[in-house]
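Read through the structures below before going on.
Below are two complexes that have chain A in common, paired first with chain B and then with chain C.
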Partner chain A sequence: MTEIELLSWARGPGLQIATIIFVAGVVIRIFEILMLGRKANLAEAKGSEMSSGLKTIVSRTVPDRDTFQRSGLTIVAGYFFHIGLFVIVFLYAPHILFIKDIIGFGWPALPTPVVDAVAVVTIISMLVVLANRLSNKVMRYLTNFEDLLTWFLTMAPLVTGYMAFHRMGFTAPTLLAIHILSVELLLVIFPFTKLMHSFTLFFARWYNGAISGYRGVAS
Partner chain B sequence: MSASLEKGINALKEQVDSTVAAFFSSCVHCGMCAQACLFFTETGDPSRTPINKTEPLRRIWKSEYTLFGRIGKILGLSKKVDEKLLTDWETLVYDSCTLCGRCSMVCPVGNDIALMIRKTREGMVAAGHAPEGLIGATTRAVTIGSPMGVTWKALSAQISHVEEDTGLKIPVDVEGVEYLLLLSSMEIMNFPEFIEAVAKIFDQTNSSWTISSEAFEATNSGIQIGASDIAAELVQRIVDVAEKLKVKTVISPECGHAYMAIRWDGPNLIGRPFLFKVRHILEVLDDLRTQGRLKISGKEARKLTYHDPCQISRRGGVIDEPRKLIDMFSDNFVEMPDGGKMNWCCGAGGGVSANERADEIRLKVFQRKKDQLDEVRPDAILSACSNCRIHLEDGLEEHNMDIPLLSLTETIAEHLEGSEV
Partner chain C sequence: MIKNKARKDAILKEETPAKGTPGKGTLGEALREQGVSRRSFMKYFASTASMMALPPAMIPVIAKAMEQARRPSVIWLSFQECTGCTESLTRASTSTLENLIFDAISLDYHHTLQAASGHQAEAAREAAMEENYGEYLLVVDGSIPMGNPGYSTIAGISNVDMLKQAAEGAAAIIAVGTCSTYGGIPHADPNPTGAVSVGEIIKDKPIINVPGCPPIPVVITGVLAHFLTFGELPELDHLGRPKAFYGKSIHDRCYRRPFYDKGLFAETFDDEGAKKGWCLFKLGCKGPTTYNACATTKWNDGTSFPIEAGHPCLGCSEPDFWDGGGFYRALSLPTENIAQTAVYTAAGAAAAGLAVGALNRAKKKASNKAHIKITIKDLEQ
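Moving on, here comes the complex of A and B:
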């Protein structure tokens, strides 16, 4: 297989397969959660489930004072790499074009040098996240193979993308093929790992807010 | 109550619903819940991280309720729930968690971890992995009607004392009144002043009320040990009496989990809404305050703080009421750092105080409360849970700290207009 063939496989059938697994997997995972249902609360309500749930979806993004003091590094590094990933995936011009090809519409991009700088910051924050995971007593205790696998598969597109942009090591088609394949690997593994939190956290936060809000407590 | 691993696993399966599935699907192992838990912050033991305590429930969710997990189970790859796991987890689930719910407030993905641990207990007890102390309390609650073995005879004697001391009649088994007052065994045996306080307040505010000789116990060991069937039976006793006496409101006394049991879990345990209201005593007092019926005179000069009992504040929703009440008699009230919905647990709730095996760790984690108190340096601590009160007194004594613990209801009774000594 030549590098051009590899690239066209990655952009063609590879992407299709990965996208199908990603979409079907995410839908199945969300469906299997919601299908379980939950019993209606029979106690007399002191507050609203719906509005408290919606509020918590937003408010849980910001930690309370004490938590920030105790888990500062986890929180700051977490903000950096999440925001960084968002900027790189959704605000980098070639990515927007790529998405536009698939879904038919696009949106304004950030200047490329800005995204390049964000990529560096994101890669560094991902390294901090890993160092924190391996050195923090609690995180080390909780860490399993999946945590390391998802870290690696999230880091891979960042690094391969950065290399592709700067033409490091290989020829452009090879670098781009590797980058796209690494994204496809991430998409394939996504529905079966904790990466699902990017979807399920909206449900989890809503439930948390609803449970508390029903009792009249803002969570 | 015969227990077996199979029953435990079935009980865990029954606990999985869309909330549990959304929560487990969202956990990213960030470890932030550990920092919200006094059993971790005061011991530094990572196995006490809240989310780790839910491992038995997580394994059941994963292997039974996820596609990938089910495939793994068929291939024999899934982690099993076995006797060893439950034995290893017993002290984490019971001795190292008060179900205080602080972890549920900080989890960045929104997991209600305390609820997950509460659900895990259902499986633990069904599999025979609950602490002796809690099993004893639960057995006494079912057979005698009180976890401490307090009988109507004992309460009746205390009522007579209160009547002698106050000259007030304590209504017993009266039909059609506004309030049915429940009591915790702890109040009956250690703090009968609480009954006296309620009698005085209801006398001044002209409220009609009663105590039932059939169902007076407010506590519910069933929800602490995690046995919903027993919890439902204990709730049903109160419901039967409240409906027979046709009371408008059942009052939960100064006890945290009793409020959770009757106010929030109660109707869900028995499977139907109540025909009466349930209110915490502080909500009732605050209602009387709003109506202008609760009249207070004189102000406290002492520096006061309020310890929020977890099940009443964070998990129960009674947060503003105590503060408004305290305002009535104090100009020198100081909040503890993290006071209110983020307050730190005393360390003895959720069945920990009924579990002798946890005595050592319960006093160790009191250090968190001590640190909070050291920042405020109050002259007295108000609270509204006799379990918190007993344990706080214990902890303060251990550290040679001489700060009196006051019941908020009793303190209000002392400040009633016309009751000044």
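Moving on, here comes the complex of A and C:
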């Protein structure tokens, strides 16, 4: 297989297989979660579930003071890499082009050097959270294989994308193929790991807020 | 780059190189006969040296070696090809030095250019091969059909047989054009003739790949100049291409690169972006994955290159460029209809999700039903 063949496979059949696994996995899991239902609450409602639920989806984005004091590093580095990932995935011109091809519309891109700088910050933040995870005794005790796997498979597209952009080590077709394949691998494991939090986060926050809202307390 | 140290030292000491002595039949003489001044000769090698990333001190060395070089015997074999490579070399412009050097080599066999035909032509090839056994350069354009040897024959000899025969006594092989280097257009899916490259058949000779559809003329003469100067092939990359010319991608040397970096793209061939000369990435430019010297050497006497003319790079010097998923689809785009795949999958998965959810509910219901309440009284009994 030549490198161009590999690239063609990654852009074609490879991407198709990854899309099928990703979409099917995510949709089935979400249906399962939603259809679990909740037990009927027999207590009298003291407030609105909906407004408290919706508010909590947003409000939980800001960490409370105690949590921040306890694990400030995790939160700051976590913010850096999450925002970084957002910028890289959604504001880099070739990525927007890819999204536009699938959903039919796009939006303006950030200048390439800005995304490049963001990528460096994101990679550093990812390294910081890993170092923190491994150096903190409690965190290390709580770490399982899945945590390391998802870290690695999130890091891989970042590093391979950075290498492809700067032409490091291999030729451009090989680097681009490896980058696309690394994204496909991420898509494939996505529904089966904690990466699902990108979707479930909203339900979870809503439920938390809704429970408090029903009881008439602040969430 | 220069492995043959003894030869290099000899050249640097301005001793007579082992290969080629001044006198009748040298390249310098042939060029002078055709009215090429020493000044333009030196000028040409200054640009060749700079393009091949050789130090300026090497310019007189190359010029001297080239001037003294005996006209090397070149046998040119054309297989499954369109003659575009020959056209590129011979019609680059009316009287470039590339052309004259090309004329100045002893081109002993070339279908399109030779006067002889039929048995005489084949006799000339055989004679040249015999006389210069082990020393001649073999240039090949076109791919070799392996599906059936009868798909392409010359004087009743199949391409593969002729290639093997000619390669035996060759000092080196220069595969010219994407067909002979990687199979090219005949190799494109579904490859009806079973076309393969020279490198897939010949394994025991140094092969230098000069891909492109067609390749740049100066790359050919640059390779010849290197071979005649140092007596060996230039440094090659992993695809057998001379690094001096194929070391950087079109994208890295493109004058439109700043627009890519700023995120300014032409969306169609006639929009404002196209008129302002913005990056052609969105129009399918393969510059980022294509290694060639177009952006620096340019075409038609340095006039322009495809991107300068407003057309995206097709990636013609890369293997399988014909099957790369559409010339006008951007590199970051999928080659299949992913939206359709996603919608169908989502529809199917929604149905499956409902079914799984219903099963879960039924299971929950059944277990609730099967649940037997036990009170303390029951336990006390």
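Quick note on the criterion: the second predicted complex is superposed on the first by the 219 of 219 C-alpha atoms of A that agree within 3 Å, B and C clash if a C-alpha of one lies under 4 Å from a C-alpha of the other, contacts with A are read in each partner's own complex, and residues count from 1 in each chain.
Heads up, the rule we're going with is that a residue touches a chain if its C-beta (ideal position, glycine included) is under 8 Å from a C-beta of that chain, and two chains touch if they have at least 3 such contacts.
For clarity, every value in this text was computed on a predicted model and none was experimentally measured.
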**OP:** Check whether A:L142 is in contact with chain B, with chain C, with both or with neither, and answer first, second, both or neither.
**Re:** first
Original post:
First (chain B), second (chain C), both or neither: which does A:L36 touch?
Top reply: both
**OP:** Would you check which partner chain A:I28 touches, where first means chain B only, second means chain C only, and both and neither mean what they say?
**Re:** both
**OP:** In the overlay, answer first, second, both or neither for which of chain B and chain C A:W206 touches.
**Re:** first
Original post:
Thinking of the overlay built on chain A, is A:H95 touched by chain B (first), by chain C (second), by both, or by neither?
Top reply: second
Subject >> Touched partner set for A:Y79, first chain B, second chain C, both or neither >> reply: neither
**OP:** State whether A:K194 touches chain B only (first), chain C only (second), both chains, or neither.
**Re:** first
**OP:** Look at the residues of chain A and decide whether chain B or chain C touches more of them.
**Re:** B
Original post:
Both chain B and chain C contact which residues of chain A?
Top reply: 28-29, 32, 34-37
**OP:** Within their complex, state which residues of chain A touch chain B.
**Re:** 28-29, 32-39, 41-44, 46-47, 56-57, 60-61, 63-64, 66-67, 70-71, 74-75, 78, 133, 136-144, 147, 192, 194, 196-197, 200-201, 203-209, 211-212, 215-219
Original post:
In their complex, what parts of chain B are in touch with chain A?
Top reply: 16-23, 25-32, 34-36, 40-41, 44, 46-47, 49, 51-52, 65-68, 104-112, 115, 263-268, 271-274, 277-278, 313-317, 319, 337-338, 341-342
Original post:
In their shared complex, at which residues does chain C touch chain A?
Top reply: 182, 237-238, 249, 251-252, 260-263, 265, 281-282, 288-291, 318-321, 323-325, 330-336, 338-339, 341-342, 345-346, 348-350, 352-354, 356-358, 360-361
Subject >> Contact set on chain A toward chain C in their complex >> reply: 2-5, 7-8, 11-13, 15-16, 19-20, 23-32, 34-37, 93-95, 97-98, 101-104, 108-113, 167, 171-173, 176
